[in-house]
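Before we start, here is the structure in question, set down as C-alpha cells.
Letters A, B, C and D mark the chains in the order given here, with residues in each chain numbered from 1 onward.
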Amino acid sequence: MTDVAVLGSTGYTALELLKILARHPGVRVTALTTRQTDRPHIASIHPSLTGLFDLCAEDLSPAEVAARAEVVFCCLPHGTSMAAVPELLAAGARVVDLSADYRLDDPAVYAEWYGLEHTDAARMTETVYGLPELSGLPEKIADAKLVANPGCYTSTSILGLAPLLEAGLIEPGGIVVDAKSGTSGAGRSPKLGTLYCEVNESFSAYAVGTHRHQPEIDEVLSKATGRDVSVLFTPHLVPMDRGILCTMYANPTGDVTVEGLIETAQTYYKGKHFVRVVEHLPATKHVAHTNYCDVTYRVAGGKVIALSATDNLLKGASGVAVQNLNLMLGADEAVGLL
Amino acid sequence: MTDVAVLGSTGYTALELLKILARHPGVRVTALTTRQTDRPHIASIHPSLTGLFDLCAEDLSPAEVAARAEVVFCCLPHGTSMAAVPELLAAGARVVDLSADYRLDDPAVYAEWYGLEHTDAARMTETVYGLPELSGLPEKIADAKLVANPGCYTSTSILGLAPLLEAGLIEPGGIVVDAKSGTSGAGRSPKLGTLYCEVNESFSAYAVGTHRHQPEIDEVLSKATGRDVSVLFTPHLVPMDRGILCTMYANPTGDVTVEGLIETAQTYYKGKHFVRVVEHLPATKHVAHTNYCDVTYRVAGGKVIALSATDNLLKGASGVAVQNLNLMLGADEAVGLL
Amino acid sequence: MTDVAVLGSTGYTALELLKILARHPGVRVTALTTRQTDRPHIASIHPSLTGLFDLCAEDLSPAEVAARAEVVFCCLPHGTSMAAVPELLAAGARVVDLSADYRLDDPAVYAEWYGLEHTDAARMTETVYGLPELSGLPEKIADAKLVANPGCYTSTSILGLAPLLEAGLIEPGGIVVDAKSGTSGAGRSPKLGTLYCEVNESFSAYAVGTHRHQPEIDEVLSKATGRDVSVLFTPHLVPMDRGILCTMYANPTGDVTVEGLIETAQTYYKGKHFVRVVEHLPATKHVAHTNYCDVTYRVAGGKVIALSATDNLLKGASGVAVQNLNLMLGADEAVGLL
Amino acid sequence: MTDVAVLGSTGYTALELLKILARHPGVRVTALTTRQTDRPHIASIHPSLTGLFDLCAEDLSPAEVAARAEVVFCCLPHGTSMAAVPELLAAGARVVDLSADYRLDDPAVYAEWYGLEHTDAARMTETVYGLPELSGLPEKIADAKLVANPGCYTSTSILGLAPLLEAGLIEPGGIVVDAKSGTSGAGRSPKLGTLYCEVNESFSAYAVGTHRHQPEIDEVLSKATGRDVSVLFTPHLVPMDRGILCTMYANPTGDVTVEGLIETAQTYYKGKHFVRVVEHLPATKHVAHTNYCDVTYRVAGGKVIALSATDNLLKGASGVAVQNLNLMLGADEAVGLL
C-alpha cells in the first residue's frame, strides 16, 4: 500500500484522479491540498466523492505533503507547479506533475509560449515525459523521480502520428492537426467562455496556431521519432464534457494504403494495453470514461488522415497519471484503470 | 419611430431584447449602458449582433439615457434597478423594468425575500405588472409610466394556473409548482454553478421552497383571481440554454375533465395571441425562440395537473418586455415578435 | 469464476452491464444473444467494448444459453422476457430479469398496464424483487432462482420514500412523484421521439399518470411498508444521456424536521453501501456512472419533499443487476461496482 | 402576395422554411405535401407551428401542387426530387429545389457520388445554382425557373474560400476542408446514428473523403473562380442541433497577411447582406437562427486558414431558399430573413 497525495484538489483532473485512486487497490490517499484555508471536506468540493474519502483539503506546504506521501500528484496550474516540485523532490517524494511546467526541454521555448521565466530550468531536461506508449519511456518512467504528465491534446495527437512518423510513412513537416475537445479541458475556474450558455449549442476554433500544446507536440514527436516534426495545431471547443478527437492531415512519403497504415500502428502498439488500433472511425464516446486511445487511418485526396480519440480527463490527464504511477511502483500499468 | 434605450446591455436578456428591437419596425435604439468605462462596441460584447447595431455601450447616468430615449428597458440586477428607475422617470422616460424591484407590492415581502430594504417603496404599489394576458392589465400597461416585467418562472406558472383559479376549478391552497428551467435564466456572470461542465449531463433542484419567484406567484395570482393563492415552488436546472416547463399539481374543487379544463383556458385566453392552449403535452422546444406560452391540462390521481411552457428569455423576459412596449406605444402587441 | 450470459445484447442496459462484467473479478461472460442471425461481434454492436470481449452475439435459444451459463441476465423487452425465462429456469439457470415481466404480483395489473396477457402468471408471485436496500430482500435475493430487477424510476422513487413510509412520517396516499430522466431510459431502438434533434434543447412531460412504473411503485412500497401506498407519477424527459431525479411531495403525518427526516433515512439505510443520505440537494451528475442513490429531504409549504437521484442505467438497471448477482453468489454486494 | 407550396413537409428544413414563410410579408402558403395519406395537420407534424398555419399536409401530385402555387419549394430527398421537378416546371411553377438533384452539372459525377442514374440529366446544366453571394448568380436566380439550392457544407465552405481563390491568393489544389456540423443536417428520419444517446457527449468524423458535398464544392468553386479547385472534405458530427463550422487549410500562392485576406473578402462581399467578414473567430452560436455566414482568416504554419460558420438549416438550407425566392420575385433578398 503506497501513500499518495494530490496537490490542488478542486479541479476536474483532481476529481477524476481521486475517483481512480478510490478504487485502486494499491494506494491510500493521505493528503489533499487547496489554497482555501478553511479545510473544506473533499465531498463538499466534489459531491460525487461523498462516501469515497473522509479527507479534508488542507493548505499544506510541499514539505508537509511529502511527509505524508511517497508519491505526489501535482494538479496545480503551470507556473505554480514549478515552485512546488523542487520542494517535493527535496523532501523525498516522487512526483507526477500534471501541469505543463516540465513537459518541454527548452526554457526559452517555455518562456515564449507560457510567458513566464522557468524558475527550475535545470530540471527540465532531466524530467521523464509520461507517455508510456512511446518507445523507451516505460523503463524511464519506472525509475523516475519526476514524471511530466503529457497535455491532453498532445498525447492524443502523438498517439495517432508517432507510428507513421517512426516508420517514415509521412513527411514530418506540414502536418495539420485539427483537434476538437470537450469543455472540461478548460478547467473549473468560472470564466465567461466556459459558461454553459456560451458553450452549449456552439462550436468554434480558438488559439489557432498559438496553442501551447503545439510546441509540445513538435518536441515530443521529434525526440520520439528522430525527425524534425512540425505541426500546425488548431483546437476547437465542443459542446460536451469530455473527449478529444484529432483529425490529422499529413503528406505520405510514398504509396500508402489504409491496411498498411493500420498494420504499422498495430505493430507499433503491440503489447500496449491502452491504445486500440481500430478499423472504424473513432468517436469520443467510445473512449469516454476510459483510459483508451482509439486510433485509425484513412487515405484520401493525396493525404494520409490519422484520427485519434481519448477522454481528455483520463488518457489525456488523470488516467495516464495513474498509468505512470503504476509503472513507478513496478505494478501492471493497468491497475485501477479497467 | 420611437427612441428606446437599454440599461445593462451585457446579459442574455439584453441580447435577446436587442435581437427583437433590431427587427422591430417602430423603434430605434439610441443608447446602451454598461459599467465598463471603455465604451465597448455592442458587437464585441455580443458577437451575434455584428452588423445589426453600430452602437457602443456607455457608462451613462439615467438622466443621460432619458435624454436620448422615450422608453427605457432596464436590464439591471435587482437592487440596482430601484436606484436608476426614479431618475429615469423624473427625467421623463417611460420604463419597462426587467428586474424584480417593482414586481411586488409590499416592501416587507421584498425585504424578506431579497434581503434588501427597498429604497423606492412608495412606487411599488403604483407600478403596473407587465403580464398582458391577465384581465385588466393591457389597459393599465398602455397608460403606464413604469411596467414591472414579470419573472420568467412567475409568468409561466401564472399562465397555466390563472384560468382555473379564476373559474374556481381548483383550490387556491396546496398547489405544487414543480418548475424546470434552462440555464440562461441564471444569467451571464461567471459562476461555478453555471459552468458548462457543472450543468451539462446533470439535473438538480435548487432553492426548494425558498426561490424569490414564489411570493411573486402568490401575490400576482391572488390579485388577479381574488383568491388567497399559495404555492409551493420547486425550481430545477435543466441542461439546455432556454425554456421553462412548469408541472403543477392542484386539488380540484369538484368534478373536472381534461376537456373542461382546456375549454376554460381557451375561453380565458380568447384573443390573446401569445398563449396557445393545446391538447398535446407542451415541450420547451415547441416555444423556444418564440414569444408563445403553450398550456395544457391533465387529470390523474385525484389531482389537476397544469403544464405550461415558455422560452424564459422571450415570453419569460425580453419578448414580453417588447409586448409591453407595443402596448405602451398603442401598437399591436405582436409587432416585432412573430 | 461464474459463467454468465446476457440475453439481448444490443441495448444500453446490456452495454452498461457488459462494462461492469468486464471488470468483475468473479465472472466470465460466455454467451451473448441477438435476434440478428449474422453473429455480429459485440464490438461491432458496441464499439466502446472493443478489446474487452472477444465474443459474438448469437441467435441462441434459452436452453443453449443455459447450457453455457450459470446465471443469465435477461435484457429483453417486456413480453419477450416471459417467454424466455421459464425455459432458462427449466434448464437450470438462475436469472436476473431486467424486463418488467416479473416485477408485479398481479397478472390483472400487468395486463391492464402492459396491454398483454401474462403467459407465466403463476411465477409472478414467486419472484424476488431485486432492490437489496429494502428490508428482507437481500436474504431472498441470495436464494432466488429468479430476480425481477426493478424499474429505474421505481427504485429511485422507492429509495426516497420507503424510510419515511416505514416510519409513518408521511401519509401513504396523495404522494406526487415528479420524475425526470435522461434519454437512455427510452432505449436504443430508433424512434422519432428519441432523435437527437427532438430531445436536445427540449424538456417535456410524457405519459402523465399513465406510466407503467406507477403501479410498480405502488405495489412494491405497499408490500415493503405495510401501507396502502398510492402515488401520482409524472415522468419527464431530460436532454442528457443518463440520470434520474425524483422530486416527491408528500403530506406529513405530524410535525417533521429536515434533520429528523434525514436521520430516519440514515437509520433505515445503515450498512447499505449504495444509498447515500446527504444534506445537500442531489444532482444526477453526482451519481452518474456509479451505483449510488443519493437521497435527501426538505420541508416547505406544509409538505415533505423527498429528493433522490440515480444513474438510470446503473443503480436503475445494470448496476443493481450486478448487485443482485453478487448476493446470489454469496459475494459482497459491491464487487465490480466501485 | 405570391402563392407558394412546400413539397415534403415533415423534415427539419421544411419546418424552418415554414417558420420563415409564416412571417414573410409577401407570400401565402397554399399547399404542403407528405406521402402520408391521412392528411395530418401541419401542427401535428411540427407542434411548434401551432397557430401559425391552418393547413394539412396532403398526398398531392406535382401538378396539383403547381395548380395552387406560383413557386414551389422542393424539400424531398435526392432521387425523389428529380421525379417531381419536371412535372412542376411543366405545369408552370417555378421551383427552388433543396435536394441535391440539380446541383451538379455532370450526370456521370451525379451517378458516381449518389449511386443513381439521373432521370432528368438534360436539365442539370440549365439549372441555376442558388448561392446569391457568388458573382453573376443573383441575376441568373432572378430569371430562373429552377434554382438548385446549395448543400449546407457546400455553401459554408465556398463562402470562406471563394474570395481567396478568385483573387489568386491560395492554390486551388490541396485544400483541406475540415467541417463540423450539428445533427439536424442528418435529417428527421429515425436512425440509430442520430439517436440522442448516440450523438450526445460524442464527437466523430464520418464519410472521410467520400461525402457527396465534396464534388459539389469542387465544381461550384471551379466554375465560380475559373480555377481547377480540388478539396479534401472531412465532415464531423457535433452534439448540437444546428450550425456548421468549416476550418479550411490552403497553401498561399505568395506572401499573405490576415489583414490582406480579410480585406480581400470584404471587397468580394461588398453589398452582400448575409456574409459578415469578421476579425474574431466565428462560432456557430453567433449565426444560429440567422441567415448570416461569418467568415474570417488566419495565417499560421505556412498555411492560410479560412474559417466560416453558418446555421445549416438557414443559410445552409431554408434561409438561402427564401433569399432565392426573394430574388426570383424581384424583392429585396432579405425580406423575411432579418
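Just so we're on the same page, contacts are C-beta pairs under 8 Å (C-beta built on N, C-alpha and C of every residue); 3 or more make two chains touch, one makes a residue touch a chain.
Note that this is a predicted model, so its numbers are computed, not measured.
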More C-beta pairs touching across which pair, A-D or B-D?
-> A-D
Centroid-based (C-alpha) most distant chain relative to subunit B = A
With chain centres taken as the means of their Cα atoms, state the distance from subunit A to subunit D in Å.
-> 40
Between subunit C and subunit D, what is the separation of their C-alpha centroids in Å?
-> 45
State, to the nearest whole Å, the distance from the C-alpha centre of subunit B to the C-alpha centre of subunit D.
-> 36
Residues of subunit A whose C-beta touches two or more other chains | 198, 200-201, 239-241, 283, 285, 288
In the complex with subunit D, residue positions of subunit A that touch it = 174, 176, 178, 180, 182, 198, 200-206, 208-210, 230-232, 234, 236, 238-243, 245, 247, 249, 281-285, 288, 298-303, 305, 307, 309
In the complex, the residues of subunit C that touch subunit A are 22-23, 47-48, 50-51, 201, 276, 278, 280, 283, 285-290, 292, 294, 338
Per the touch rule above, subunit D residues touching subunit C in the complex are 12, 183-184, 188, 190-192, 194-201, 239-241
